[in-house]
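The following pair of complexes shares a single chain, chain A, combined with chain B in the former and chain C in the latter.
Up next is the complex of A and B:
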């Protein structure tokens, strides 16, 4: 067992306390939402719920499932994440590998790199973006949520740098044995890219799960909203809307008194991230430092 | 290992939840089976033809006469996330779209729908993409300049002839009730938008709400003067444990709405909503520029000093702490809308007791000779317009007339089952949307019929979905003490209800209407936000950091910072 000095022990104690408090700060809002979601409406309206349910009820969850809209949005998000992950991973691998080559091997490499890098800094604006998607006939289609973010450039750079950090001899040996670039990519590179792929897959998953603006812009029918767009609308500032709507308030009031219902749906929306994260956490930590090895 | 176990547990939870939901995703368990209405519909001519967006000559006859061949309207509208459709139905295929097709041979298809707070963005995108739908709705919440910009750029259709020739008499009669609203959508004598109108001015006056059990225990005193009100607040604080006298929140709206007690009419400054009326010279001025507002400020300053207003009011979010104090029994007086029962009723009954809900009274005045006057603001809820390329405006007018006939007319021979079919679970709101022109007498009529039905016990004369639901909810409170019925009961279910109080104000002329009969004016954009200055300085006066006279200086600053632009614009458009 490693010997620890007194100073190190004290540091460790304070370190654990500090990290514990930070963790608590992160966890408390989630615990509060969970408590609200299981509480009766009057206790929520009365501000009596902190971290433990008051007037325990599962009505909010029953409402979320019965209303149909939550589950529809949940299903759209599942489709989006699945398709998004497949498209992202395919484009990431097939882009990062050639761009990891030097200009001696791939003469146009820098031009392609500049082309991709520009998109990280400049955008075309919402209206041209909308017109493009509209002209491509992708409005109200799941592809409008998948294709525009098909190649996440930041993740591509992470993957590219990881490939550059691999020993050249791996690829050279395969080439000597007669493998082409596609064989090298599929048979040699992919297996050793596992940590980096897991990292960018996590980024991709989180992005597709949390992104809400595209759903708002490109989905003509709210029943096609992905979950985060649905939740974003649900969390709109009701009091401002009530004032603005004047007498036509009844629908809004009904929603305003559903704070516990919203909390339940927020928590349900969190579950997939909570499920995926433990599986990918070790790769995630590893992946975060990949980009810093070689740039 | 623990991590894997946790992940496994969470994965199992998600999968179980997902499959549990998928096995029961019917919108509502007790939804009545979809049944065809008993209302007779005429045979649909040309049923074998595809609906067209090309011009189809309108048929001879009144608005009820169907087109000779199917007409298609491509529409866009706002849609709420909590609207339910029956099994197999959706926004394009539901009781209402089927009715339009069967009755008028008009097929409505929604090109897109979005939520009410996003419709302006979607409209702007549609304009940019050059694909405005045939018919769409500009809600009250949208930028008021949007209509005028679209009209001035030739993107809206002149609806005048279609409106005059094909809208029902009932729709056109709304102009007699309120001749000014449609003027806001008329340019050079031509009508470019059909206002959606509103449920009635009866829902606008605010009332002073008192906690019922405390009020009755205090001997149900008559509250005619401001001094009476102060005595009641003192009693609630001294004898019933109220922490302070009257609910006031950080945006001050609940306090500002008490201004009519002092003869001041000011609206909600937080939202830059001013109340405009003529001074002795005939010039239109905002309520804050009248001397009565200084009287109100003096009273409010005293109320704060005496503890009638919470010392924490400046940090109280109206939908957070402000509401919490009410339902937790910390305050027994609140100036509020007529729909208090929906906002707070179930919670306060659940946390306190069945008699702890608040009951409405008209606002007192300084001398007590009459109740304070009810303030009426511009109430229109939006406008239905058509794109310049739309070929069949007569079809739009016919659909509008049909919706009105079913939703508001007493002539529609609808049974309770029909009403449920067309209007149950929010279907009226969800599906009629842009085609619904609200009867400006709707709430008044509803109140009179529901109150009579409750008094006599005979509900056979109720003829709209709104009437039926308000009657049922009121009965649920009276018979079973169901707190979810409190909203309707307090609004219109007894002789002392909010609408009964408002009716008294209208009957005796205790009403004052703002001169600004629109949501905004184009010139207001140059004036910017003038409300923050007033809000900040009024708070300083209320808490006693500044004397009441300080407001005269503030008023000068207000005029300099954009108020003058607003006042000139209001006088230009509505003065004289």
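Up next is the complex of A and C:
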């Protein structure tokens, strides 16, 4: 341990306290929601629940699991994330590999790059987008949430920069042995790309899980809503939703506060993110350093 | 005689041109024979991007039409700049431009400041485990959707929510965080700082750790204290990355946070909280005014593209930042 002056010691103590408080500030809202979700109605209304459940009850969770809407939306989101990941990974790999070539090897490389990069700077916006999806007859189809954003350009650039950082010999050796581009990509590239693929896969996962606006735009039938879209409606319109569920639920709702009912569903919607969070933390920062901070 | 000489002079040139033309063509075919697998690989993404990214760009022509979904792009009558004229006559629209810049600029300033400050303080934590633990916690909000956070905020900031209970317990008046036009923008700004400052430290921490420790050692020899080291070494070396991040953020200034504001605002706070994106959504999608909405979208996209190009140009000039 290095020698520390008195001033430095005092600073250190305050620094730990300050950072600790900031961390609390980041975590407490989530803990509060968890506490509210397990509390019974009379405590929630009075604003008396802080960070520990009062009048512990799991009524709100029973409600969430028994309400068909929540489970349907959860299932739609799982489908969306799965399909979205497959489409994204396929298009990312098939695009990043050719674009990682120099113009000597792939003469049209710069034209393609410009073609994709322009979409990062300019776009048509949601109204023409909505008209297009509607004209293509893709409304109320899960593909409308998966195909249009099939190639996340920023992730593609991260992956492309990663491939460019690999030693050239890797590919050249296989090429000399007579392998074509397809077999090089499938047999040589894919295995070494794993860490970079994990990074962009996590980007995709978080994007598809958290995205709500497209679900709201393209889904007319509420049973097609992905979870975040369902939650959005829940926030703006809880009582309508309950009424639509019929008298069975009225009884349950009577014992449960609206706010704790929401809190439980919000928390359930957060669980997938919390589950992959340890991986996120490992790969996100690494991936960002690999890809974007490249001069 | 003149013409004969010209012909004489021209003949070989023309021949050469011809040769080059066919030679070039041959080269293209030859190149394609070698490169076709690469073209084939890009093809799916090319088609998807052409349809779903360039398609809507073409669709923006409806900003100059009185678009009707049944008539389509070819049957709808042209109205020129009428929608744009109408928009600028709407005080509500002009106000959204001001609100967008106001909310966005304060978000950028405070987030950047908070991220830098927190990165500096975090860097002083020498115990690796603690540092990692703190990082883990402050990154979390970045990954939570604004839908969930909007729900959390509605619960916490409600008039009988936990924060107001606390404020009243301390003897102050309730703060109408989400229902007072003068408070609402600041609620948006500070909650966004809360969500984004932690993850924002990633870049600055990377910059700090890349500083050569020998520089600090020689500063200590010269008698510089901790505070002096931060002022004279750490902050100046971070200069380029700070400028870079500010420039990139300024290119994004029109994104004042649709997801956040749309899920937290209400008609009471439109005067200060309505931004271009929420206005566009209400008018164009909820109000089904497709053409007027597209006119807003077109202006937004053009201005945004200009700002982003400028910011990327400066980022390249200042920090040699190239994204591709």
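The rule is short, and it goes like this: the second predicted complex is superposed on the first by the 244 of 295 C-alpha atoms of A that agree within 3 Å, B and C clash if a C-alpha of one lies under 4 Å from a C-alpha of the other, contacts with A are read in each partner's own complex, and residues count from 1 in each chain.
To be clear about the criterion, a contact is a pair of C-beta atoms (placed from the backbone, for glycine too) under 8 Å apart; a residue touches a chain by one contact, two chains touch by 3 or more.
Keep in mind that what you see is a predicted model, and the values were worked out from it rather than measured.
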| item | value |
| --- | --- |
| Partner chain in contact with A:279 - chain B first, chain C second, else both or neither | first |
| Touching partner for A:203 - first (chain B), second (chain C), both, neither | neither |
| First (chain B), second (chain C), both or neither touched by A:125 | second |
| Touching partner for A:69 - first (chain B), second (chain C), both, neither | first |
| Contacts of A:162 with chain B and chain C, given as first, second, both or neither | neither |
| Chain B versus chain C as contact partner of A:45, first or second or both or neither | both |
| Contact breadth on chain A, by residue count: chain C or chain B | C |
| Partner chain in contact with A:99 - chain B first, chain C second, else both or neither | second |
| First, second, both or neither for A:221, with chain B first and chain C second | first |
| Partner chain in contact with A:148 - chain B first, chain C second, else both or neither | second |
| Residues of chain A contacting chain B in one complex and chain C in the other | 45-48, 126-127, 130-131, 134, 217, 234, 236, 281 |
| Interface residues, chain C side, partner chain A - complex | 31, 35, 37-39, 41-42, 44-46, 48-49, 51-60, 62, 67, 69, 72, 118, 121-122, 124-125, 130, 134-141, 143-145, 147-156, 158, 160-162, 164-165, 194, 198, 202-203, 206, 225-226, 258-259, 263, 280-281, 284-285, 290, 293-294, 297-298, 300-302, 304-305, 308-309, 312, 320-324 |
| List of chain A residues in touch with chain C within their complex | 5, 7-8, 11-12, 15-16, 18-20, 22-23, 25-27, 29-30, 32-33, 36, 45-50, 90-91, 94-95, 97-99, 101, 105-108, 112-113, 115-117, 119, 121-132, 134-135, 147-151, 156-157, 160, 180-182, 185, 206, 209-213, 217, 228, 231-232, 234-236, 259, 262-263, 266, 269-270, 273, 277, 280-281, 284-285, 288-289, 292-295 |
| Partner chain A, residues of chain B touching it in the complex | 3-4, 6-7, 10-11, 13-14, 17-18, 20-22, 24-29, 79-82, 84, 90-91, 110-118, 121, 124-125, 128-129, 131, 140-141, 198-200, 203-204, 253, 268, 271, 318-321, 323-324, 327-328, 337, 339, 342-344, 346-351, 377, 379, 381, 426, 429, 443, 487 |
| Residues of chain A that touch chain B when the two form their complex | 40-43, 45-48, 65-69, 71, 74, 126-127, 130-131, 134, 139-140, 216-217, 220-223, 230, 233-234, 236, 238-239, 241, 243-251, 253-257, 268, 271-272, 274-275, 278-279, 281 |
